[in-house]
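First up is the structure itself, then whatever we jot down about it.
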Amino acid sequence: MRVLVVHGPNLNLLGTREPEVYGTTTLAEIDQMLAELGNELGASVETFQSNHEGAIIDRIQRKDFDALLINPAAYTHTSVAIADAISAVGIPAVEVHLSNVFAREPFRHRSFIAPIAKGSICGFGKESYALGLRALLAK
Amino acid sequence: MRVLVVHGPNLNLLGTREPEVYGTTTLAEIDQMLAELGNELGASVETFQSNHEGAIIDRIQRKDFDALLINPAAYTHTSVAIADAISAVGIPAVEVHLSNVFAREPFRHRSFIAPIAKGSICGFGKESYALGLRALLAK
Amino acid sequence: MRVLVVHGPNLNLLGTREPEVYGTTTLAEIDQMLAELGNELGASVETFQSNHEGAIIDRIQRKDFDALLINPAAYTHTSVAIADAISAVGIPAVEVHLSNVFAREPFRHRSFIAPIAKGSICGFGKESYALGLRALLAK
Amino acid sequence: MRVLVVHGPNLNLLGTREPEVYGTTTLAEIDQMLAELGNELGASVETFQSNHEGAIIDRIQRKDFDALLINPAAYTHTSVAIADAISAVGIPAVEVHLSNVFAREPFRHRSFIAPIAKGSICGFGKESYALGLRALLAK
Amino acid sequence: MRVLVVHGPNLNLLGTREPEVYGTTTLAEIDQMLAELGNELGASVETFQSNHEGAIIDRIQRKDFDALLINPAAYTHTSVAIADAISAVGIPAVEVHLSNVFAREPFRHRSFIAPIAKGSICGFGKESYALGLRALLAK
Amino acid sequence: MRVLVVHGPNLNLLGTREPEVYGTTTLAEIDQMLAELGNELGASVETFQSNHEGAIIDRIQRKDFDALLINPAAYTHTSVAIADAISAVGIPAVEVHLSNVFAREPFRHRSFIAPIAKGSICGFGKESYALGLRALLAK
Amino acid sequence: MRVLVVHGPNLNLLGTREPEVYGTTTLAEIDQMLAELGNELGASVETFQSNHEGAIIDRIQRKDFDALLINPAAYTHTSVAIADAISAVGIPAVEVHLSNVFAREPFRHRSFIAPIAKGSICGFGKESYALGLRALLAK
Amino acid sequence: MRVLVVHGPNLNLLGTREPEVYGTTTLAEIDQMLAELGNELGASVETFQSNHEGAIIDRIQRKDFDALLINPAAYTHTSVAIADAISAVGIPAVEVHLSNVFAREPFRHRSFIAPIAKGSICGFGKESYALGLRALLAK
Amino acid sequence: MRVLVVHGPNLNLLGTREPEVYGTTTLAEIDQMLAELGNELGASVETFQSNHEGAIIDRIQRKDFDALLINPAAYTHTSVAIADAISAVGIPAVEVHLSNVFAREPFRHRSFIAPIAKGSICGFGKESYALGLRALLAK
Amino acid sequence: MRVLVVHGPNLNLLGTREPEVYGTTTLAEIDQMLAELGNELGASVETFQSNHEGAIIDRIQRKDFDALLINPAAYTHTSVAIADAISAVGIPAVEVHLSNVFAREPFRHRSFIAPIAKGSICGFGKESYALGLRALLAK
Amino acid sequence: MRVLVVHGPNLNLLGTREPEVYGTTTLAEIDQMLAELGNELGASVETFQSNHEGAIIDRIQRKDFDALLINPAAYTHTSVAIADAISAVGIPAVEVHLSNVFAREPFRHRSFIAPIAKGSICGFGKESYALGLRALLAK
Amino acid sequence: MRVLVVHGPNLNLLGTREPEVYGTTTLAEIDQMLAELGNELGASVETFQSNHEGAIIDRIQRKDFDALLINPAAYTHTSVAIADAISAVGIPAVEVHLSNVFAREPFRHRSFIAPIAKGSICGFGKESYALGLRALLAK
């Protein structure tokens, strides 16, 4: 079982970016946690971060994975193209968010990804990723 | 660590109700799963189901628990009163849904609970509950 | 053929409540009329009134009937939970209203029940119920 | 008691038109049913079908009837002029629909006729007409 | 100077139709008044009434007039086609209404004709027509 | 018969202000025209212009007139207070506009004055005033 | 003069619930204050609190009072049924709120109760109740 | 304790203006009532009425008072400037209305003053002012 | 292969009507072009123009053709009935427009025909028709 | 080069009014700064403040200046009349705001002035004025 | 005549991606078809596909072509920047879509490209491209 | 003091792109002007242009500057990701636009950048940049 983890724009800054919203954990720590949890659950985990909508689409299109864990970050709310890419490859996907998007600005309440994902998880900080990985690998 | 699990209206019919939307698992099976997972994670789990908005509020107000796992079902979209009850008791809550509400009717996209919950999880069937329990008990 | 007739909130006041809107017929008279018409059409009719959304759901969930005639009254416009209960039991339902809801306040134009009912009837006073019963029992 | 039955646009195709939505009954069969039911209830029934909004208005304006049973079909949602004609002649009218308009496209949820009709009935196939005739002739 | 006066749907009922809204003057009296006023102001006046949107368009397209006085009645709010016909013939037009449309239902506040007319007059009963004729013939 | 003519904000600039929209006639010429037409129709005409919403209300409240002809200009779209003043004095009012407001920016399509006026006239330049005076003095 | 005071959902928690929004006064203290003020103003005051929409409707329907003072709390924004109950019993009602609902979330700006109440008072903490009682008892 | 009472536009006409909406009490009677009630409650009351938005702002800016009781009348719905003035002087304010604004036209449901006031009272005629004064002076 | 070409309202004026929007080609020239192109592509082409919504529906209902090329003109934006007629006959249809409707008034951006057509073409003048015919006859 | 600087309502309170939003600089200091900067840039600067919409219009209409620097404050969002005055005099205008209006309440995001101004500047405190003056005087 | 064909995001997956929506034709086959049709019509055709909004803009900016055929895919609905690029280079463009976007999700009904294109074509599968090329090369 | 100037999509075409909207100045000239002005004001200025949303984010994330001057061009209206990047780096930013966006299409009135910028400037052509630089470097 190969899991691709996609981190969207600005997530590379994690730990330094607005810690009162996003916490102090770094992206490397999240990737490390996911690798370990994947190991424990019998899956290999590869991670990919980009600030480029197109690069995220290119990566997803490679289809060298069996399940997708994606935190689309700001592209959640504006990218039909990433949603179309996920639909196009036909691989199960789970959407995760660090913060509780429903407690933030109204434009963050709409997700183009959610309707085409298997499910969504938000609000638990780095734990959102861990839960998302479990969701992908469940049963 | 005492966790209260609240199941909203019509969830008592689970397993018989529209299985193409909600699956064939019964509520008893979910409660059993949560009890076992709680046990494993060091928490006691009590469950409560009601079709009455007021009864759900009454139950939450008893405050005899340390964390709340709630699937508000239809009340997600119409109950300010349950959201106010959760805010009022000041106990951390996680919102879960069996189905992917964002892939359903537009009126199911709005949640009064989500903005005041710690986080939300939807779309993973009974696994949504398991993930929600983990989220509550994380760290 | 067992028909359950559900009367929503405030319908117990019928005959005394705003007669210029709802007429002077009492609920007992309507129930009597339905019993007789049911008898004539070969169906037993049981009636149930409650001001409690949850009690209406509980009653519907008992599934001890073959067809549902429901005047959801105010819950028409606010209850996703009753609509979900009707969908959940999978028994054919007809929605009736005494008054012409489309000639009243805009918030009364929206029904959560209508889309999941077999059909809707409004505006004919107690005759709405008689027509609804005929609709349910029509071959 | 003379009842005019008006069938709006495309209803002449009934039985051939999208049977999965509108059923296989033909308009002639409906007219026959209404004539018989009218006979039984002591009313004469005349029927009129047109695809022309203006022709429907012309027909209504003749005022050679005591009650109007109208299925405005597509003009339900777009014709202020037919609604005005019904108001202008001041004859009681009942609106009927074969299908459950509230379970279809959002633009079919709005009716210009409903607010000025005595009442509305939808979703029961040809039975909608029979119920509408009963509603018009009730007491 | 030839003026065409177009009366939209249901205006043929004037004097009998809802006199509390539209007054007791008949269309013939209005036509007579316009003929006399036209005579006084040096213009010939021809009048045309139809309940058919298409017939109104056909009439306008004949272009055998120098100015158009139109009370589009219900088609005011729904007919892009009549507005397009007026634009297409390129003859100055004035829109009139007997009643004050802005004091009525919200759907009567929108006019497809107003933006392409020279101007609009509403609320003065039959005097609206007289004023409209003066407006067309002014200097 | 005493008619008060109220000119709203910026109308004192008429003739110099955006002549492509408002024409080259000055306000003095309009006042002169109205005085003469009033004379002809047997009414005295007093005119009042102000850029101050409050001053217009003060003037209307003096109630030393029998009919009100008002071009509220920009206050058409923003002043509930002037509309309330007109309702409060209970004197018939006619709203006029030089330009066709419906062919301009959307915010100019809404009038707080129109619903409480007897009627409205727009689009005929200074002729709008003359027609408005005739409307006030008709019959 | 018998006054019924109805406290809506979660108000039983008053004094403990989010004191920064609702203050530290308990419901018992408010009831005590109202009893005393009622005594002073010559009225008997009975109080009722419930988290159940249906129970509030049941209580109102008993009609054993001459005036209603109601803080509908969360049901303000979602309950057509309580508003209908108040209309149905035809007893004068005053709506009160502890907090200034207009300074809170947009969904709290809409009240189904306000249009059918005699008047509304919000923002003065427990004083809102005292003022509401005075309003009910004012000559 | 000095209380400034501000009466907005058209309130000087009170008693003569639309008595079916606003009652027959005059503004002088209200001012008299407030003076007496103020006296009773240990406060001096000064009243100010203007039809000018700017004059109301000027008056508020003088800051020669300790509390503000304001019936902004029509400016309730259109004046950001008065709301900003109240915020700017930083003196507690209470908003009152004679009529129940929520039972009137939709544009009267929005208040720019309410969110920045301490609280709002509407629907009790002159009693609204008395209650508002009590609210301001309540401990 | 028989193709019916339907031209909606005002298209008979083509070449004279607002040439800056619609060009100088006449409808006869378009019909001639389509006949020739149909000939070249092995299809017979019959054309029909009407300003009457009902007449267009009547024509479509005759079903004496295998494919429909329709420029609904103004009825694009207002006619549910024509859309229903096309659905009812179940014959493939292509929607064409001379002008680029998306570069015009907002009300021209909505088409009732587009969702039930095979596809849509706009903006290419008479070439839109030629392309539409090719689209219908492709493969 | 004569520049008129117009300060809208409540700006006379600057320095005392909500310093956390508007800073501690007084209006006199801003006027002094503008006079000096105007001097440096070869322009005379006259300043005008009023809380009266009408007074601001009167001042603008005097046309004794070559360029307009305006901070319309609250009138930004509600005054069509000031915008019309600026259009009417046909003198270039620049709109400035002390605070970042886009980071405040939604009703502050709309400006009637912006579309008819040369340009807009907001968010820089008193520096907004200095930048606005430079913008006006830039070649 | 040089034609640039731009294929937007995910179109490289054509033939494999959701064949029930987009068909089984590959992008290479479409490019081959366009090359041949271009050849036949006397034009050279170059094709370009990218999942990167910026790369599409860069390519369009090269201006080494005389006409643009673009299927913006998901960027249709979200990219102001591509629309601006097309406007900026001032080269005629035709927008094409494989599927009938108007029969899909509402967010696919809006196009930023359509208003600035010469025209649009949708719904004909690969034939949409062929028709688009003909439209660009017509006359 | 190091200032980064970011030019969004299509700004590289400046001077050639739609000069009636954007003027004839080239981007090189603007950069030259900013370098000189920066020099004069004691700041070093580096400029960056890209048509790629992701590249702009990458550049901003380098954080090798003390202040950001950004003309987001088309991304103003669609990029949550660039706004998030600016928030994430926590460096003061000023948004500038060459044209007056409020006088253009409605979709250009919304900015995702404005609420998180220090301030915004639009409408002054290249002078907008100069003013923006001054704003950044002010005191």
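Letters A, B, C, D, E, F, G, H, I, J, K and L name the chains as they come in the text, with residue numbers starting at 1 for each one.
We adopt the following convention: contacts are C-beta pairs under 8 Å (C-beta built on N, C-alpha and C of every residue); 3 or more make two chains touch, one makes a residue touch a chain.
What you are looking at is a predicted structure, and each value in this text was computed from that prediction instead of being measured.
Among the remaining chains, none touches chain E as well as chain F. Between chain C and chain K, the least number of touching-chain steps is 3. Although chain J and chain L share one sequence, what matters here is the overlap of their interface residues, and that overlap exceeds half of the numbers used. Computed centre separation for the pair chain H/chain J is 30 angstrom, with centres defined by C-alpha atoms.
Averaging Cα coordinates per chain places chain C and chain L 62 Å apart. For chain L, residues that reach two or more other chains under the stated contact definition are 52-55, 78.
Contacting chain pairs (ordered by label): A-B, A-K, A-L, B-C, B-G, C-D, C-G, D-E, D-I, E-F, E-I, F-H, F-J, G-H, H-J, I-K, J-L, K-L. Every residue of chain B that touches chain C in the complex is listed here, in rising order: 8-10, 12-13, 16-18, 50-55, 73-75, 77-78, 107-108. By the touch criterion given at the top, residues 52-55, 57-58, 61, 78-81, 83-85, 87-90, 112 of chain A touch chain K in their complex. Residues of chain G that touch chain H in their complex: 100, 102-103, 111, 114-124, 127-128, 130-131, 134-135, 138.
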